[in-house]
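Paired with chain B in one complex and with chain C in the other, chain A is shared by the two complexes that follow.
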Partner chain A sequence: MFQLRPITKRRLQRFHSLKRGWYAFLFLSICLAFTVLAEVFINSRALYVQHEGKSSFPTYGDPIPGKVFGLGYGYETDYKELQAHFAASGSSSKVIMPLIPWGPNEMDYSVPPPAKPSAKHWLGTDIMGRDILSRLVYGFRVSISFALLMVGMTYSIGVTLGCLSGYYGSWIDLITQRLQEIWMCLPFLFIVIIITAFWSPGFVGLAFICAIFSWMGIASTMRAMTFKEKSREYVTAARSLGAGTGRIVFRHILPNTLSIVISSLPFQVAGGISALTSLDFLGYGVPPPMPSWGELMEQGLGRLDAWWILGSVATAMTIILISITFIGEGLREAFDPKRHSTYD
Partner chain B sequence: MINTLLSCLLAAAPAPAAPTDLFPVQEVPQVKPQAYADETGLPSGLKWESGPQQLQPWGSTEAKKGGKLVSFLPTYPKSFRHFGPASNDSFRSYLDNLNLAQLSSDPNHPEITLPSLCQQWAIGPDRKTVYFRIDPEARWSDGNPVLASDFTYAQELVHDPDLEHPDLLAGWDSNISDIKSHGRLSFSVTLSSEKPADELLYYSGTWPVDREFWMKFQREALKKDGKNPNENFGALIKDWHKYFDDAGIAEPVTGPYMIDSAKCEKMRKVVFTKTPNWWAEKKPWNLGRYNVETIEYKVIEDLEVAFRFFQGTELDCCFLTMPEIWREKAGESEGFLNGWFYRVMAFNDVQQPMIGMYLNTRSAPLDDLQVRRALWHATDVEGMCKTVLRGEYARMPHILMGYRQYDNKELKGLPFNIDSAVALLEEAGWNQMDIHGVRMKNGKRLSIEINYSQKTHVPRILYIRQQALKAGIELVLKKYEATTSFNKTRRRQGQIFWIGWQGNYFPDFRDGYHSDGAYQYESNNTSNYEDPRIDKLIEAMDLEKDSAAKTRQCHEIQKIIQDQALVIPLYYVPYIRSGAWNWVKLPQVVSTKTNGDEIFEAFGISGGLFWIDEEEKKKTLSAREAKQKLGEPKTIIDPTWKMAE
Partner chain C sequence: MPDSNDIILEIRDLKMHFPVKKGLFSRTVGQVRAVDGVSLKIRRGETVGLVGESGCGKSTLGRCVIRLYDPTEGRIFFNGRDISQAGPAEMRALRKDMQIIFQDPNESLNSRHSVEEILEEPFIIHDVGSPEERRIWIRQLLSRVGLPESAAERYPHEFSGGQRQRIGIARAIALKPKLIVCDEAVSALDVSIQSQVLNLLMDLQDEMNLTYIFIAHGLPVVKLISDRIAVMYLGKVVEFTSSQRIYDAPQHPYTQALISAIPEADPEHRTERIILQGDVPSPINPPSGCAFHPRCRFATERCKKESPQFRQLGNDEHWVACHHAGELVATSSES
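== the complex of A and B ==
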């Protein structure tokens, strides 16, 4: 059975006892779960359709052409139209729509956009007639996946380079240090904007570019940590037992420096979200029509008269970033080495 | 709805009263033949023409001289040269407009040819050569007289191996076969083929280069490098353009404004000032025009940002053709409602820009005609015009709108019809569907990239994308910075190019559709298309002397372009709209019949109609400061040049 080390257990208990961070963590977990299952709550596809005695669940899976339900077209059914059609024809067929029946890319030009918040669109629509709530939720999914992807890449590069330069020292350290210093001087946003102006990267490409320009911080921390840990007895012990470099670095040193990695993680995620939002805001982020907070923010600033655009996205962004920061604070507190480590 | 609203507005408005600020009809100055006494080598029996004897100026009698107008342009120019490497960007049209053409035409009566840089012209008996007599008063902005040798020098430069501008050479050679000097102020332009008279005048339009200036500049450049200043005399020196760009100067011009390179700020603004003692100031066609002393263009890439600058009075005028800017941003803004700035709309009757989705026929899956046709059927331009553009733009049935007889009005384009699109795609083997409803064939998705540069076009492209998805076609949006996007288009690096080409007065298909351009690294053959039938027709059109036969050939080419689905035409706009602060004044007829660019156009034959009223400026600014209403919101709609329906 999976068992936690006592120190980890103590740390988690400590994190649990820090209420602000813990509730923020719960809130963010719920948000994440919600965004993963967003299709069930916010979608242009129906949850359930009963037509001529046959039931179907269109939420996931291949699109169902309108012909199947007796609408005269071969492309994906417009379920809101289908619902109206069934209601008008008085048939026994039934459509159950999700709570918010608007997909993130669906345009509603029935009211000239941007439309004010109403029963139809709870948070109104953006300048292209798309439901803002829907775009917020799906945009959160995009932002958080981007941030996680970017943080994963950043850490892979940063931790590896940091550990190597800290462990080996000498010329490897010299070179990585200089590389890091040069890299740090490059203005991140500008470089990314220049690259994306010539090469229009996709989602993963963008995360990769961002990661390439943000591994330096974690690398220098990891270098210092490895440097310190390297001279501890357990490393000497492992070496005398015949352990190789890889084993020592990744099995012995790394777990002992993990608290640093973990406690900086939330801040990195928040940084990732902000990076994507700023890039999208400037028009160099994910390609449209991918839902994005930065794009909403940009629209909102362009249309201050349509307060609901900027209002919703600014509120959502503030709440999410604050809760991530709370989690970060909690983790830092819980993993504080002063509390758990003993130094010889 | 908006359409009806607009037509109601127009119908309700009383017929426009005759403008009271027009200049009286002017006598066109007489030509003094003694200036051309040294002419040699002219064929006998030339009939010199010098345009109309009388002319109605289109400027206003109320115009005041002086002041400064601040407007914007999307990118900072790569160079201030109008030839040589990196000179063919969007700024080129500004540079071209700084110089007068040999001849021009009355912008309100385009069939009337007017003198401009040249005073007289004659068509040679070979029907290929046009003879020109330069106005003896014509001067470059550096004071040098404009001479026939300036025109022959341009020819030498274009053919100079160090010019490094292959496009220019190709374009030149396909049109002009020779320029000869016949005296100090007389020269002839021989075209490579015979043409009808009106086209002869049009195509013999070339440009002079200030020979004195370039000679001196190159000598100094060589001297600075410690080389013999007379080395390479006459021809271009190697890397001449680098010397020029490094010197941070601008070429001398013959027109009313010149670039003030000392005041320009890289990536920030381009400044033009009135040419000192401009030689053509008193010509009847320039009366009441080019009133402003300084014109400053701030570099603002985005139209919405530009509008914000405008609202902050950092720009004096702003382009408002786009519906959302015209209606909401301007129409509901504080400045407009308080009567501090006004909106102005002028109809025009002119060749429409060829705005379309240009399909790269050498990029799979667009190499398949059926896919191209299916894409056309799946492109809902009408829906886009109705929803996103609020019914203010109209669907363009084919690419050659407003080209008089050349416009093949029988072509209506492929209608939006998902069923037809689906049928075509299934026939072409795109039978499977993926989970997003995108069609697949042999494991490849029917996903096509669309290359665009303007953020404001995103809602339009997204609307089309959503509709095309119904046929199982996925459009992937790729945004590039304006210059990159244009370069990518010219190199055909991409699949669909969302772009508008500005055409000439006569339709010209050689540039965009002849197979010559299909294999070049950079060319305007955006669809990368090669078809011997089109080539043959284009070549025939070039040689054709008969206007009717030419029209037939032109119609036929348009038909092939439609049948092959090379371009999906998008929309056209038969008017231009702008906004300006109260101190920017316009004549009562605010624009000309053929002005298709901007009401506050500063250069060119339609340009420079506005003037600045300093008193009004003080008044408006203080009212704005005090948040005081100046009057009812003012929208000028000028239907003078509305196209007959």
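== the complex of A and C ==
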């Protein structure tokens, strides 16, 4: 049943042959996989502890109190301390730490913050003594999931309204169009500031607010596409067979507008990442201490003498946004209808 | 020969006007009289050719008949039942009996659907058969229109123009309709392919007792397939009779001009070409009286003032809308 259309296959081949976009896609996929599995590589919890013949894997699951490993406290084990403790006592117990043994919210005051990059902290620490690399990686997870969530909501609103006004036309179109124009004039930032003044929106709420202010572009594209597809003869053919509106919209019109939606997707994701970063930078983004790029950027601008803070976050941001843009370009090129046929 | 009293479709004074809107408040400033009072009776099992220049309303008439447009005025009787006011539910059931084949199969087949999905759609919409039955039917349809069964898994763009038109025909006959409107069904095809598709259409007609309304702008094609031919000019049918009589004894000056324009294969043969002067007038603002009078060789004062009736000539199966029909036969057949 699931079989790729030949044209889709050719598009994927074309995307594969555009090296810049393809490598950017591989790179971003690796980044995504890495950020999903970040706990395994970058974490304050140990990967593996062997103590009195018992093995435990503290990476995922509930925190394990220090008492379990023979430390004299009931709160979560400090595994770096535990490692030192085992080494000092010369016992056979073992602790294996991740590659970078720092959690995103763990503060290290052994060197005065902000600390320069060193073997201990590869990209240094921020003004609160937190490992910057760790915060970058966890911050990327926040950014990308925010962007995907926001784009999902944006598209749901935009595609629905655009399709509706394009298909029905007349007064529905008139109302949707005016709504869209009015909405475009509202100053997004001021409204976010006003909203956050009396309501702390949280992660999903923030994505929703952003989506509410960014559906207009995709709605007008969808409206135009629907207008165009609706008047094509295959739609008339479906109507002459007796197809209802739902069938025409979902089986005929929407699939034919898909290429536009897909090729604009990466740019929307990049936009989502930038939006969250700028909101965080201004302090209206995700609540602290959630790791975020915008917050790091703000710190970095405040402490230009600690160049590694701003340097690392700006570099990370640039690389990610450029690779998403490359993917977008590649997709757009691969989906370019002029390459394949006149009618598609 | 179709029984002359078994009428499958009767059109009575059908009008289809499209409003011309202008300005901020979409005021209606005029009407495009695409179809302006057409009456025809079509018999079961016959092919009626509909010819005329582009813009004369023949496609609009075809689409009105199967209610792709809602006619402004007039009535359509299908199998004796008035369908001009039928609601959506009633129309859905009627769609099984009337189908349309389009001019450009590139446009009329959804390029995102495989042939299997395209041909399955009519069955899904009308909820006919189980998935297994549909699979078998689809393969039968394909072989019926002369395509291999393996075509089902492929997509429209993998076929040639003629093959794509065959897919369009297969879709149209899927539900075993009674009436098919062929809207320029072969005009976009190569001449060699045209005849193959025409033969297919004629075979299907014999087999399934189909009635065709065959819309085209080229007379030779229409003559080949039609039993009777209706000539349209500016939203009106000006002449309607058997295809033989249209050729041998055209009565309306416009038909005479059309017939004289058909090229002959014989280089020795000389005919007097009747060259029409001027352009087709705008259907928004048609001329007074007979719509054809500004271009007619025989126009008189009466033609400018009085719109001619669509009348039967004698007792023949010959209808014409011209004040001077009957008087003009000699002038044209002499040439």
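As a convention for this text, the second predicted complex is superposed on the first by the 340 of 344 C-alpha atoms of A that agree within 3 Å, B and C clash if a C-alpha of one lies under 4 Å from a C-alpha of the other, contacts with A are read in each partner's own complex, and residues count from 1 in each chain.
The rule we apply is simple: contacts are C-beta pairs under 8 Å (C-beta built on N, C-alpha and C of every residue); 3 or more make two chains touch, one makes a residue touch a chain.
Here the structure is a predicted model, which means the values were calculated and not measured.
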### Task
Specify the outcome, clash or fit, for chain B and chain C once both structures are aligned onto chain A.
fit
### Contacts of A:187 with chain B and chain C, given as first, second, both or neither
neither
### Message
Once both structures sit on chain A, report the angle chain B, chain A, chain C from C-alpha centres, rounded to the nearest 10 degrees.
### Response
130
### Message
Quick one: is A:112 in contact with chain B, with chain C, with both, or with neither? Answer first, second, both or neither.
### Response
first
### Task
Look at A:238 in the shared chain and tell me whether it touches chain B only, chain C only, both, or neither; answer first, second, both or neither.
second
#### Entry: Partner chain(s) touched by A:302 [first = chain B, second = chain C, both, neither]
first
### Partner chain in contact with A:256 - chain B first, chain C second, else both or neither
second
### Task
Name the contact category of A:61: first (chain B only), second (chain C only), both, or neither.
first
### Query
Which partner does A:205 reach: the first (chain B), the second (chain C), both, or neither?
neither
## Note on the structure
Once both structures are superposed, the least CA distance from chain B to chain C in Å comes to 41
### Interfacial residue positions of chain A with respect to chain B in the complex
61-63, 73-76, 105-107, 109, 112, 127-129, 197-198, 200, 283, 287-289, 302-303, 305
#### Entry: Interface residues, chain A side, partner chain C - complex
5-7, 232-234, 236-243, 247, 251-252, 255-256, 341-344
## Note on the structure
Listed in rising order, the residues of chain B that touch chain A in the complex are 304, 324, 328-329, 332, 387-388, 390, 418-419, 422, 433-437, 455, 458-459, 461-463, 465-466, 469-472, 476-481, 484
#### Entry: Footprint of chain A on chain C - complex, ascending
66, 68, 91-92, 95-96, 99-100, 102, 104, 106-114, 121-122, 125-126, 155, 157-158, 168, 171
